[in-house]
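Per-chain residue numbering starts at 1, and chain names A, B, C, D, E and F are given in the order in which the chains are listed.
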Amino acid sequence: MPTVKMVEYADASPEVKAVYDDIMATRKTNTINNFWKTIAVHPPTLARTWRDLKEVMAPGALDPLVKEMIAVAVSATNGCAYCVNSHTAAAMQKGMTKEMLGELLAVVGMFNTTNRLVEGYQVEPDVFPPLE
Amino acid sequence: MPTVKMVEYADASPEVKAVYDDIMATRKTNTINNFWKTIAVHPPTLARTWRDLKEVMAPGALDPLVKEMIAVAVSATNGCAYCVNSHTAAAMQKGMTKEMLGELLAVVGMFNTTNRLVEGYQVEPDVFPPLE
Amino acid sequence: MPTVKMVEYADASPEVKAVYDDIMATRKTNTINNFWKTIAVHPPTLARTWRDLKEVMAPGALDPLVKEMIAVAVSATNGCAYCVNSHTAAAMQKGMTKEMLGELLAVVGMFNTTNRLVEGYQVEPDVFPPLE
Amino acid sequence: MPTVKMVEYADASPEVKAVYDDIMATRKTNTINNFWKTIAVHPPTLARTWRDLKEVMAPGALDPLVKEMIAVAVSATNGCAYCVNSHTAAAMQKGMTKEMLGELLAVVGMFNTTNRLVEGYQVEPDVFPPLE
Amino acid sequence: MPTVKMVEYADASPEVKAVYDDIMATRKTNTINNFWKTIAVHPPTLARTWRDLKEVMAPGALDPLVKEMIAVAVSATNGCAYCVNSHTAAAMQKGMTKEMLGELLAVVGMFNTTNRLVEGYQVEPDVFPPLE
Amino acid sequence: MPTVKMVEYADASPEVKAVYDDIMATRKTNTINNFWKTIAVHPPTLARTWRDLKEVMAPGALDPLVKEMIAVAVSATNGCAYCVNSHTAAAMQKGMTKEMLGELLAVVGMFNTTNRLVEGYQVEPDVFPPLE
């Protein structure tokens, strides 16, 4: 039950259309996901989120597929259904196999267990030097 | 303020000592982290957690460093301080640079924002086929 | 897939009916939301939750609309779909515009990112005096 | 780094003192935990929270020790250090042994893993009838 | 919208069939829940999770019904819909009444409030000795 | 136990210094909080986060104090200690009184309870029209 009505391309302001056009050009696709059509109800949030996403997901020290799998890990940990779906689809497009997804979710599950054991026992910190 | 007293090697039962020995042999180290010394108060949990961790973190479809960075992503999303510290230290030992940590946390931060926008607007699912 | 059958007005005990009547009188409406009809399966929880809600949401140092928007912020952060829907609807009734919702969710999103950056880097506390 | 200054008994208003007296009488103790002395900065919250806690924790269909262990489970899942500490101490006073704590946290850890597997794979609901 | 296609018994590998058979024998049932059919896409995760679950839920210092109610508490706190449904159904089979569910969720709700008050006020720790 | 060494002004690159200068000018202060000095280890994250924060917190449809209180609500719900402290301090500077903080945290606590009751009972959605 969406909270707001999505902004379709035909009804969009020039400012929103410009972002939609950039999304489609960058992703080489003709469709805009519901996420973008929804946050477009607040154009500054649409523009900022797309600008940030392009910047954060750009090639860098980490592989784009690794970044997308981290997005799946975060979304599964937060329990965000839409997010898990869309990031899993994106990771598949970037080459994630069923075996890789299996290991990814096994790791996510594993460390959710150890996180709770740590919290439940209030484990004392080991001492590591900070990363210079 | 830990909830229980840690089990030191000298005071450990043979069953616990066997796990400690395997941890030190596997990791080529002489020390046991506080996590293991704490969960050792319940030996079946120690044995099961170590067995699972070895299995989940073993070489497979994903690179060990990627798995460790996913552990950092999960721990930062859950806000588990001990876990963030120990997984960051482990990832550094496996080759994570400061630049890679910077990108990792940028991705974690980014998708925590989009997860909340999705939840806040109750975005309708896009339709993707399941992964065969 | 609800866990229990909701308690409809016609089937309610006098104790539950009294709470339903107070909800409808206070809110100047003829309907009872599914939340109340569901928690009515445990009458003390119905009575306590309604009593608390009236007390917490009463006019005070904060504006009722601000309180309702805080409820949206909490629900979006927790990823509770029903809660986001009902608090957004309630906030709209109290005057929230689409622009205000846009800024509200932008703030919620923003600080979910910074929260994770803080956890991921384990930022050291700045020192502020407590609020006298 | 507490956000506010705690309200000590000697400095408390009559309204706050009455709650403190009831806490000490109910718990047969001479001390007030920091939780109560902190939330006393907002007396209605102190009064409501104590009233609710007494009601929720009173003997009923569930054993008081079971209720306290559920409080530990919730607090470990939320990662609330103070809460884990105080509920673990309270559960120990009600008879929880180290073995029981070990099993409790093993269960908490286990289902944090399965929760994430469910979210990560977006498992389709099984159909169960609601509890009449 | 599931992320992967479930593995039905007829299509399962011998390794997966063996786990399915053990689940049905242990639970004295002819059906396999969607959870198991889904995680079976990654057979090591299926095998490990079932092995762990049997171990953690076996009779011990805590009653099996108490363990199942703790699973409900964790799942409600995490907001995992599938998990709440299946653990509530399992707890009912083990004897949980509507009254017990009512108290369980009241406790879960109560301590989610106090957890947030503790975090919001940054309450200073009380000092308790660790559990020997 | 911070994960990285903070970047002090004297050691900062021109790019980082420019952000520090803008933070101090915008906030009319001579100090840089540890948050900024920490995320400065990854300069693009520093620049993006500060740019976003200025944009999101700028005067708009919501009052700056309301935005800061929403930041407290999000941080308390996430259990991020550093974040609670710094946003509470910032809200006080913008005029939040102890009474307002008391009501704010009471609302945050209240809706964390109702969120869990909703999740625990799997309440069926009420139907509201989306916000046009």
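The working rule: contacts are C-beta pairs under 8 Å (C-beta built on N, C-alpha and C of every residue); 3 or more make two chains touch, one makes a residue touch a chain.
Keep in mind it's a predicted model, so treat the numbers as computed, not measured.
When the partners of chain A are compared with those of chain C, the chains appearing in both lists are B, D, E, F.
At the chain A-chain E interface, residue numbers used by both copies make up under half of all numbers present, so the two copies contact each other through mostly different positions.
The most distant chain from chain B, with centres taken as the mean of CA atoms, is C. More C-beta pairs in contact connect the chains of C-D than those of the other pair, out of C-D and C-E. Chain centres here are Cα averages; for chain B and chain C they lie 34 Å apart. A separation of 20 Å divides the Cα centre of chain C from that of chain F. For chain A, the set of residues touching two or more other chains reads 1-4, 41, 44-45, 48-49, 52, 56, 75, 77-81, 84-85, 88, 98-99, 101-106, 108-110, 112-115, 117, 119-122, 125, 128, 131-132.
Listed in rising order, the residues of chain F touching chain C in the complex are 1-4, 6, 33-35, 38-39, 41, 45, 49, 52-53, 56-57, 60-62, 66-67, 69-71, 73-75, 77-78, 80-83, 85-89, 92, 97-104, 106-108, 110-115, 117-126, 128, 131-132. Interface residues of chain A, counted against chain E in their complex, comprise 79, 81, 84-85, 88, 98-99, 101-103, 105-106, 109. Of all residues in chain A, only 72, 75-77, 79-81, 84-85, 104-105, 108-110, 112-117, 119-122 touch chain D in the complex they form.
Interface residues of chain E facing chain B in the complex, by the touch rule stated above, are 1-5, 41, 44, 48, 52, 55-56, 125, 127-128, 130-132. Those residues of chain E whose C-beta lies close enough to touch chain A in the complex are 1, 3-4, 41-42, 44-45, 48-49, 78-80.
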